[in-house]
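Look at the two complexes coming up: subunit A is in both, with subunit B in one and subunit C in the other.
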Partner chain A sequence: MRGRENRFLLLMVAPAIVVGAAFFLLPLARLAVVGATGKLGIAAYTAVVTNPQYFQALASTIVLSVTVTVATLVIAGIAGVFLERNHFLGREALISMLTLPLAFPGVVVGFMVIMLAGRTGLIGEITSTFGAGRLVFAYSIAGLFTGYIYFSIPRVILTIMAAAEKLDPALEEAARSLGANPWRVIVDVILPALKPALIASGAICFATSMGAFGTAFTLATDIKVLPIVIYTEFTLLANIALAAALSMVLGIITWATLALSRVAAGATAAAAG
Partner chain B sequence: MRRTPYFWLQLAFTLLVCSFLLVPVFMSIVAGLTENFFVGVKSGFTTRWIGVVWELYAPTIFRSMYIALATLAVTLVVGVPAAYVLAKRPGMATRLIEEFLVLPVAIPGLAIALALIITYGGFRDFRTSWGFILVGHVLYTLPFMVRSVLAVLSSFNFQVLEESAASLGAGFWRRFFGIVLPNARSGIVAGALTVVTLSIGEFNLTWMMHTPETMTLPVGLADSYASMRLEIGSAYTLVFFIMITPLLVALQRYGVQSTRTRKGA
Partner chain C sequence: MNGKAGTAIRLVDCAKTFPNGTRALDKTSLEMRGGETIVFLGPSGCGKTTLLRVIAGLESPDEGGRVYFDDEDVTSQPIEHRNVGMVFQSYALFPNMNVGDNIAYGLKVHGVAPDKRARRVDEMLRMMQISELRERRITELSGGQRQRVALARAIAVQPRVLLLDEPLTALDALLRERLRIEIDVLLHSLGITAAYVTHDQGEAMAIGDRIAVMNKGAIVQTGSPREIYYKPASSFVADFIGTMNRVTGTLRGGALELPGGRIDWADQQGSGEMQVLFRPNDARIVEEAGAPLRGVVEQQFFLGDRTRLHVTGVADRTVVVETTEHREFRVGQSIGLRIEPGALLRLRD
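Moving on, here comes the complex of A and B:
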């Protein structure tokens, strides 16, 4: 009876395993091999550190992603805790609007940045009205930063809100009655309680920024982030081995970040619980 | 209840964040309906840019829709039974399978696309068909279906229901279709909405994998941003917003709260 049931269960999970093996594991293994069989050989994998051009791309992508992650956590943290704590007219609508861009592809986000800070953008319009000249930054690193924050905020804010829901107001009350000022309450009570959520959503934010392609592609900035370098090597320079090696490196970075964050968030959650 | 100054300060900040996200959306909608955006709205409103978009890009709109529906069909058939097995036999082996199934979420779409092209690019007919795009979309969305259904099935003890049905003589398949699926409905709906939304908006994989004959809506958008006037790009974006908004509203209503692992910008 149970043996028969196990056979059925195996039958039901088999298609998913076949799809994953044929279209994910096998291609990824091929990618790893191809990355090592170009004219550089296995050294293609170290080129991201030894070649100044690739290293520069890797470094600027990491710096950009870290900055975006920190900024997003601060912005979404303030707005998320506020929305979870306070109930007022229009709150639901505000939450819906803040999560609307979740489904925007990176290209659309890039276009939104052009709307804000492009050559005919709103910000330039405003600064030139005030006689400060037309401020255009969509096509610089500031434009990339703006776009990455744009797609990160909706992703992070829901996680923060879910975590803030579990905060115990009595703890803050206690801290306040013991004479803690608002700043101390935030640092000593609220932040530690939000830590698992901040780690988890921060890691997702970082990994997404590292691999983001559409936004950088639309803005066509002169700062080369790693995904753009991979794309250029593959399509324009037909340097397939190097593109493969660089994407393996990129994939390992994003995967490791997410895996580590789960360990870290799990550990702090256990410690807090 | 009296509001403190902190309340108003935080409200102002939240509204500022909200306008950062929405003002450009609004601007692009206006631009798509304006005769000449550089002159401004005083040049008059028009739907002719929508007409141009329809002429140039209508096939991409339909292609995106049927690829999304095909992706949904595959993720339902492949993902729902898999999630059921994972929920029914929690343990080391199923834990590993789960990790393996959701792994594509952790890898940038660009890398997955390259891997697929390197491995299957030689099969010309497959490479140039929309089936190739479908494979990419299934890979990328399957984790969301599996997770969504798994979350619902793990949240209550469906095995007790199954056992009582079994004691009344219901066979394996009857229990699956009669008990498991109806009880997993909310997870299936949420998963389905996520899959369709993600598939319609997918760019990173599709840009690498598409051919001129298999261009999807987001690929067409990138093309219009690069080579058409601003009004056409905006009108095209407006079409995208119209397609995606009902899905998002439904997702906010029926979606599982956890959007933690949504990715793909």
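Moving on, here comes the complex of A and C:
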């Protein structure tokens, strides 16, 4: 009985395994091999650390992604809990507006950042009419930051709202009855309860930022993020081995972050019962 | 933490209307003596929880309402400054802390030193007989254990008043009965003022020094459990607490005449048709020959400690009679009944 059920299940997942192997595992293995068979050999992998240009790209991508993740968690965390708790006129409209960027490709987001803070952007117009000079930041790290935040917030806000909905108001009331002020209630009750959602959506946010290409490509910023470097190596310099090695590194970092977050979220979820 | 047991609580003209227009509480004035346990009893949706939350400071009363703790006007004080202990039906224990940390939480927030905190937690654990659970996660506790932890957490800070909202409703009957007794003993040994919300009349009787019966947002009667049971002020109270027989008879010549006989009732004024009420245990089963009232057993229910009979023929409708006699009755059997006139109740409404 048991065995037959298992065999049935195996049969059901078989197509997924085949597709996964054909379109994911095989190219991945090939990528790993290609990365080590260029003119640098296996050293292509270490080049990420030893070559200042690549290392710079890797470091700034990580710094940018971490900053974006933290900022997004703060902004979307507060907004998500607020939106879940307060029912006011125009709430639905605000939520759909905040989650609109979910539907936008990175290129469009980049374009919007240019409209906002580019050389002919809205912010520049405003600052120059007030005689403060033309403020342009679309092509710097601030522009990237703005764009990344813009497409990160929707995912996090939706996850936080779902988690905030499940918060037990009695817990907060219990804490307050024991003398906790609103700040302590946030630290001792709300944050621990939101922790799994924060970790999970934070990890997704980080991974998305690490791999984001469209926005950075459109903005053509002076600092190079890793996906742009990979693109350049591959299409312009035909340095396929190095592009593959960099891709592997990017993939491993992202994958490890997601895996770690799953472990951490699992642990806190178990602790929270 | 002013650990003064027995704060008197006074509500003056406290009403509560929610933003959506629901009037959960009519203008209510109420005095709770220091150290007294008062039970708010009433059907679902009658405003018990709302009243408790007004006392706690989780809801503010409508314009004009005032809440006093002793002589202090606390109406505009938020709950975190009122020093009240709360126990919820859902326990509301912090899932990210173990049992000991839950109990210590209020002390920590109040800035009690760690060693003093630990001693107090020990004391609480011992008092609730759960010392072995100190390091346990909340998810590893049974419902009864959780409620003990919740109680310990609430009283660890020596609150001025303890507010319990249906603390036992989520537990099974046996445990409910045991904890009900423990809570009663605990509240009185602490001498703390307590407000206890329940819709279970048995619980209200067992725990309350006084019971406030509520209906549709208003307190309709306050009194000791005995007063509420035997001298209900309205038919709502009479029907809500226990079973009440309601029969129509004719008062004539110093006796109430019923279809199944008569009850001597010399001191009752007036005459003519009237409605009277009596409790099932106030009708005694007597020898059929010479019995003042006679009827026929329609149904019997053996409840363990007593037997409940539905008897026809006594009055204009079936009456419920309870007896602690061990013998078994037969359906269709004729029995004699006696009801003392002192047990009869007339209501104005």
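Rule of thumb we're sticking to: the second predicted complex is superposed on the first by the 258 of 273 C-alpha atoms of A that agree within 3 Å, B and C clash if a C-alpha of one lies under 4 Å from a C-alpha of the other, contacts with A are read in each partner's own complex, and residues count from 1 in each chain.
The rule we apply is simple: contacts are C-beta pairs under 8 Å (C-beta built on N, C-alpha and C of every residue); 3 or more make two chains touch, one makes a residue touch a chain.
Please read these numbers as outputs of a predicted model, since none were measured by experiment.
Participant: If you stack the two complexes on chain A, which partner ends up touching A:A132: first (subunit B), second (subunit C), both, or neither?
Facilitator: In the superposition, A:A132 touches no partner, neither subunit B nor subunit C.
Participant: Considering only the touch criterion stated at the top, classify A:I17 as touching first (subunit B), second (subunit C), both, or neither.
Facilitator: first
Participant: Where does A:L116 make contact in the superposed view: on subunit B (first), on subunit C (second), on both, or on neither?
Facilitator: Only subunit B is touched by A:L116; subunit C is not.
Participant: For A:V49, decide between first (touching subunit B), second (touching subunit C), both and neither.
Facilitator: A:V49 sits against neither subunit B nor subunit C.
Participant: Who touches more of subunit A, subunit B or subunit C?
Facilitator: Of subunit B and subunit C, the partner in contact with more residues of subunit A is B.
Participant: Where does A:P27 make contact in the superposed view: on subunit B (first), on subunit C (second), on both, or on neither?
Facilitator: In the superposition, A:P27 contacts subunit B only.
Participant: Look at A:L237 in the shared chain and tell me whether it touches subunit B only, subunit C only, both, or neither; answer first, second, both or neither.
Facilitator: neither
Participant: For A:I153, decide between first (touching subunit B), second (touching subunit C), both and neither.
Facilitator: A:I153 contacts subunit B only, not subunit C.
Participant: Enumerate the contact residues on subunit C facing subunit A in the complex.
Facilitator: 56, 58, 78-81, 83-86, 88, 90, 92-96, 105-106, 109-110, 137-139, 153-154, 157, 159
Participant: Can you list the subunit B residues touching subunit A in their complex?
Facilitator: Contacts found on subunit B: 6-7, 10-11, 13-15, 17-18, 20-25, 27-28, 31, 37-38, 77-79, 81-82, 84-86, 88-89, 97, 100-101, 103-104, 106-112, 114-116, 118-120, 135, 138-139, 142, 146, 172-173, 197-198, 200-204, 207-208, 218, 221-222, 225-226, 230, 233, 237, 240, 244-245, 247-249, 251-252, 257-265.
Participant: State the interface residues of subunit A toward subunit C in the complex, per the touch definition above.
Facilitator: 168, 170-171, 173-181, 184, 188-189, 192-193, 271-273
Participant: Taking the touch rule as given, give the residues of subunit A at its contact with subunit B in the complex, in rising order.
Facilitator: Per the stated touch rule, the residues are 4-5, 8-10, 12-13, 15-17, 19-20, 23-28, 30-31, 34, 75, 78-79, 82-83, 86, 88, 94, 96-116, 120, 122, 148, 150-155, 158-159, 162, 182, 200-201, 204, 207-215, 217-218, 227, 230-231, 234, 240, 243-244, 247-248, 250-251, 254-255, 258-259.
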